[in-house]
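Following this line, the structures themselves.
Same chain, two partners: chain A is paired with chain B first, then with chain C.
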Partner chain A sequence: MSTQTDNQTASAGNRSSGWVIFVFFLIGFVASIISGWVAFPKLLYSTKQQPIDFNHRVHVEQMGGQCDSCHYFRKDGSFAGAPTLEECISCHSYPMSDDPNEMKFIEEYVNQEKEVPWLIYAQQPPCVFFSHAAHVKGADMQCQTCHGDIGSSTSLRQYQENRITGYSRDIWGHSMLRLGEPDHGGRHQKMNDCAECHLKQTGSKGNCFQCHK
Partner chain B sequence: MTQQPQHTKTKRYGMVIDLDKCTGCGACMVACYAENNVPFKQDETDKLLSLNWLRVMKIDNGKQFPETEICYIPMPCMQCDGEHMQGHSPCVSVCPAVATDYDYPTGIVSQIYTRCFGCRYCMAACPYHARKFNWWDPKWPADMKNYLNPDVSARMRGVVEKCSFCFHRYQKARDKAYVEGRKELGEQDYQTACAQACPAGAITFGDLKNPDHQVYRLSRDKNAFRLLERLNTNPKVYYTSTKDWVHRSADNYLEGESPEQVRKARKAAATH
Partner chain C sequence: MKIDRRCFLSLVVGGAVGTTLTPVPWKLTDDIAIWTQNWPWTPVPEDGPNKYVKSVCTQCPGGCGIVARTIKNRAIKIEGQPDHPVNNGSLCPKAISATQHLYGPSRIQEPMKRAGERGQGKWEKISWDEAIATVSEKLAELRTKGKPHEVACISDTDKGSVAYLLDRFLRAYGSPNFIRTPTSLDAQELSLYLSCGQQGSIGYDLKNADFILSFGCALMDGCDAAGQIMSAYAGFDQKVQLVQIEPRLSDTAGRASKWIAAKPGTEGILALGLGHVIVRENLYNKDFVNNFSAGFEDWQDESGTAHPGYRSMVKDYSPDKVAELTGLSSQAIESLARSFVRARRPIAVSGYNSTGSGSLDQALAIFALNALAGNIRKPGGITFVGEPDYLSWTEMKIDKTASAGNQQPRVDNAGSGSYPHARYLLNQLPRVIKDAKADAPVQALLVAGANPLYTMTDNKAAAEAFDRIPFIVSFSAFMDETAKHADLLLPHPHFLECYQDVPTPAGLPETVIGLSRPVVKTSYDVRHTGDVVIQIAKSFGGFIENAFPWKDYEDFLQKSLSEKWKTLEKKGYWTEATPQDTTWSEAFRTPSGKFEFLPRAKFAGTGSAKGQALVFDNLSLPGDAKELPLILIPYTSARIAHGPVANTPFMTKTVDAGVIRKNDVFVEINPRTAEEYGLSQGDRATLKTPAGQARVRVNLFEGVMPGLVAMPAGLGRTGFSEYIAGKGVNVYSLIPGVEDPGSGLNTAWGARASLAKA
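This part shows the complex of A and B:
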């Protein structure tokens, strides 16, 4: 008889301790989610502003709607990337509007003949090889497919710099390859995304040397 | 997006080195060091610790003067196709990190330094000693760091490196071809640094499958041979020499065995 009551009290104790375990688990769970999704990225990435808030839309309208008016291929097959000051000056030797950003550009860079220290989202470590020619000329891809509709943007977005590596968090937008396709949880462009597209388009993920050096 | 990229036929880039022309000057080694940012130390007297993607070996026929003959053998990575030409190179098959793989479109064996963790299995597997290990971080004298080739990533301590047949030059040549609207590379569009540096013209480089390239003819010459052919590693570096003792030194022949005999026996076995 007495053993039976003991058992009863013991099981009642188990039930209440189950709740305690659950509550503590929940607290720990929420805390780790907050630290992983909110606190850690803040710790890892510092947010920087571009030296000048560049308006792509105005430039595309003025330059005839072509990206390659400024972002062109050189004769040797390399890609010029962001234009140099010299190329900007060919139009901007004097102010073309009263936009404060342009005034700042003229005063701080053109008049002082100083290159604009753009923060390049697409900057890659030295072990990475990427060929614009293979994608744009070889595979006939549009700039927008990977870079999104930058041409109609009126300002540059924030630059998130990885404090450890010094490189940008992503190249353009949270889902570079899946523009127009459902966003896979805001995933960033990673090597597997390259491989996925290559597998879909060429039938092979490609060999290491294709993108690494 | 989405036009299917045009696939060109697979290539088999290879090299033919004429040992009768090689004077052992070492210009190919120097060119290779400069082209591929190969690190060196202030004291390079211990050659076992030297890093070089291309090493000029020296052999002689073992005879006294005046019969002494010397032959220099430049040895880059042999870019083995492996048995049955399926990319089963000795180094690729042992790498536990997939830091080295066989590039099917070109037949070139890659080495990804950021992927390598330095176990050196590949060095043990390579019968040609083509692979080198970085025991130290490179130290570039004075401002030499500013003159490094930006197309080749510099290596760090603890990784293996090897000759890549100047793969970056292949990629640059392809970029140029894309911009010019060409699909195929010409023979001279893609040449390795050593081939271009050789003052004697001993090194010829090209696609071994393309009859328009010089290497097609040279590699099929009756004087052409490869090193340790009986291992079936199928190297893509061929040598030519008119001297029998040079042919003999390319493999471990038993007494009474001749390279000619062995080659015939191998040919017969292959056709059966």
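This part shows the complex of A and C:
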């Protein structure tokens, strides 16, 4: 019995004491908290510049105040999304102002007949089938409800791309905890966000195959 | 202060606890999940405005109207064309998944010539100019030697512009050897020609019939008229009776009002048995039979020789005798005969890739039932659909060499003394080549649209025969089994990339011409076979060039279709506006001017009274019944393409695990047969027939007759791509040919077989 106690005391003398262990625990804890909350988002997202700093406000004013002047529905009901170069050229074959962004657009894209590689903030993965017609025409929703008041902006927001998925940060939302409304004033666009709104508005979250065909 | 292992562990634990309180694990899990669903190498359809192009699928002769949705130059989705007179919006899996072949690795992308041994798969890319020059030189050489008739062409169809151009080229060049691949159509066309004197195909007005007696037709089992059948079936009401005679519970049998499992190969005998009951009970249509038919009663020819009529002949086929031969009960035969003939608009149907024997006599026996019912040229009955006459042709002049070549007998014996009425007998070609002592009688072979080394029965014998042909040219769009054994590949575009006319599909009761047109621009260096034929002809100069006064295929098609072209361009199809003539007085162009139950033309020259009877006795299958006690029958399915072009991989995915699992094919046998041979579900077995043997697995199925082994057709491909080849066994390779003595056609409906546990 006494031999055992001696052994224990002897080995205890060789060990680090409790508070040292706690300090290490704290170091690990605090370091991970900091890296998880501060470093991780910076690592996960890369910041990209839009090819042209587009002024929505000017265009809305010139084009009659409606989003669908440029972001229109095709005859068959499908949504055209961002305008193609061909559509831009219908006004911008020559410069309409001395704005440096317009000059850049004409030099680099119009003159070279190259499509502008816009970075789409609300781009969903290809496994998602989303119908603008069902929401805008069918449910009479406003563009701003999901996309925020982009129409009155004078310059494009920063675009952040998720390095793993390749998709825009807007889908998840800026807040890592998904708290609060998005900065752009629209909605977050993860699957659960769709489901939540559908539950509220239609009484059902919907079925898998409605969006995942 | 001591820093040891425990401190390190504590740091890790602290880090782990802290991490759970950050977004790292939850956000990473979500992102990885999204990443795995969107592999960057997975092709994603382009985004852009949709365009819808109306066209026609030409992967089989069915002529179904399609609407192809495209984005930019990419075909995205194919659907049935609503309101199309053939398919009315319905479509088979082969057409729906056609884009997979369009973009798949089976395509031949540019002209190539063989670099290694035949079939070795070594190819050298060449230019189109060189490819066309190679063909022209070879053909010119044969022509200079005075042997233009040693050139043959095998095509999957003899209708439509490409077949006409090929045939016209052969005629101008000096060869009579344009050969269509065998189908159930052969016996259909021949029976129509002999009994009614009409060249063309039989139209079945299924939409208006109320009693459809189908002799083994693969109506809903992947026949070459799937859209037509689905469209008719969708319109059937409760009163329409569909009776399916077939030894296996097929999809058609499953959907029929009544399924009658007669022994395979006895369909013709059953038709005569039904005729016996109808004649005995005086139930036939007297107006038609007495006034518009010949050969019903016994008759004498000019020389005074007596010939038995249909009435005398069916006397021998009493219900008791037929019951014994077919395995049915005599009551079932009698009641079937009565319900058939008493229906308001009954129709007896054969063809449609029937599982039954393709013998001429069987087709005649079934046709006779329609005559007894008096439903020829009546709504819900049989119509005559003439040969396509929409291509207006300019006369052509030919030189002496061509004329001498054209007068040579056909290499496949069609139209010869023994088979005066057969138009094409590809099944005889392997034997003719094998029996030739010196050089093979075919020195150059052109293969267009067909894939004979896969689709011919006993294709091993066919392959051996092809080995003796020194020059084989394939026009296939795909690296199919025949293209693999060719010397020169002149790839045709995929049907979604080119213009082509589509003649009235077999079985359809009215004339409908379709126009297949480019849905997308091709991304390969391929050329339309029509263009290539015109270019080859032009390279000859002289008479041959003059026979082809068109700039290219499109020019030819537009000029030939003349005023129909506009309608076809706009609507995608053209239908005959004139109503069908339903009178009988002018309907028949036979020697007697009437419908002939036992066609005199068939027996002309044979001189014997015995020749008047329809022959069924000689159609037994080759092989020793003791050694090979079972019978192998092929079956077709809408989910497995059994024609020249293989399944798309998407189609293979729809096939049940009881049909194919990994690379093993399952044969269906009745549990009683399984017990007799000591086999259980899923067992591996060796299947032997006189044509060869194969490793299979067994699937116990009560829907197949005892004593039969049913195997799906369309598997066991060796060509195309790694995603298609090597799955199962080609059932045609196990079936030896059986020649119909009456017509020379291949009537093999199965093969004697044995099955032993492996």
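FYI, the second predicted complex is superposed on the first by the 164 of 213 C-alpha atoms of A that agree within 3 Å, B and C clash if a C-alpha of one lies under 4 Å from a C-alpha of the other, contacts with A are read in each partner's own complex, and residues count from 1 in each chain.
Please note the rule applied: a residue touches a chain if its C-beta (ideal position, glycine included) is under 8 Å from a C-beta of that chain, and two chains touch if they have at least 3 such contacts.
Just so you know, these numbers come straight off a predicted model, no measurement behind them.
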More residues of chain A are touched by which partner: chain B or chain C? C
Looking at the overlay, what does A:201 touch: chain B (first), chain C (second), both, or neither? first
Can A:33 be said to touch chain B (first), chain C (second), both, or neither? second
Have a look at where A:44 lands relative to chain B and chain C in the superposition and call it first, second, both or neither. second
Between chain B (first) and chain C (second), which, if any, makes contact with A:141: first, second, both or neither? first
Once chain A of both complexes is superposed, is A:22 in touch with chain B (first), chain C (second), both, or neither? second
First (chain B), second (chain C), both or neither: which does A:73 touch? first
After lining up the shared chain so the two structures overlap, which partner does A:126 touch, if you call chain B first and chain C second: first, second, both or neither? both
Give one of first, second, both or neither to describe whether A:86 is in contact with chain B, with chain C, with both, or with none. neither
Give me the intersection of chain A's contacts with chain B and its contacts with chain C, in residue numbers. 74, 76, 78, 126-127
What residues on chain B touch chain A, complex-wise? 1-7, 98-105, 108, 110, 112-115, 150-154, 164, 167-168, 171-181
For a test of understanding, state which residues of chain A touch chain B in their complex under the given definition. 73-78, 126-127, 129, 131, 133-134, 137-142, 145, 201-202, 204, 207-210, 212-213
Chain C - residues contacting chain A, complex: 1-4, 6-8, 10-19, 21-24, 27-28, 30-32, 34-35, 37-38, 40, 42, 44-45, 47, 49-50, 52
Applying the document's contact rule, which stretches of chain A touch chain C when the two form their complex? 14-17, 20-22, 24-33, 35-37, 40-41, 44, 74, 76, 78, 80-81, 125-127, 162, 164-167, 172, 176-177
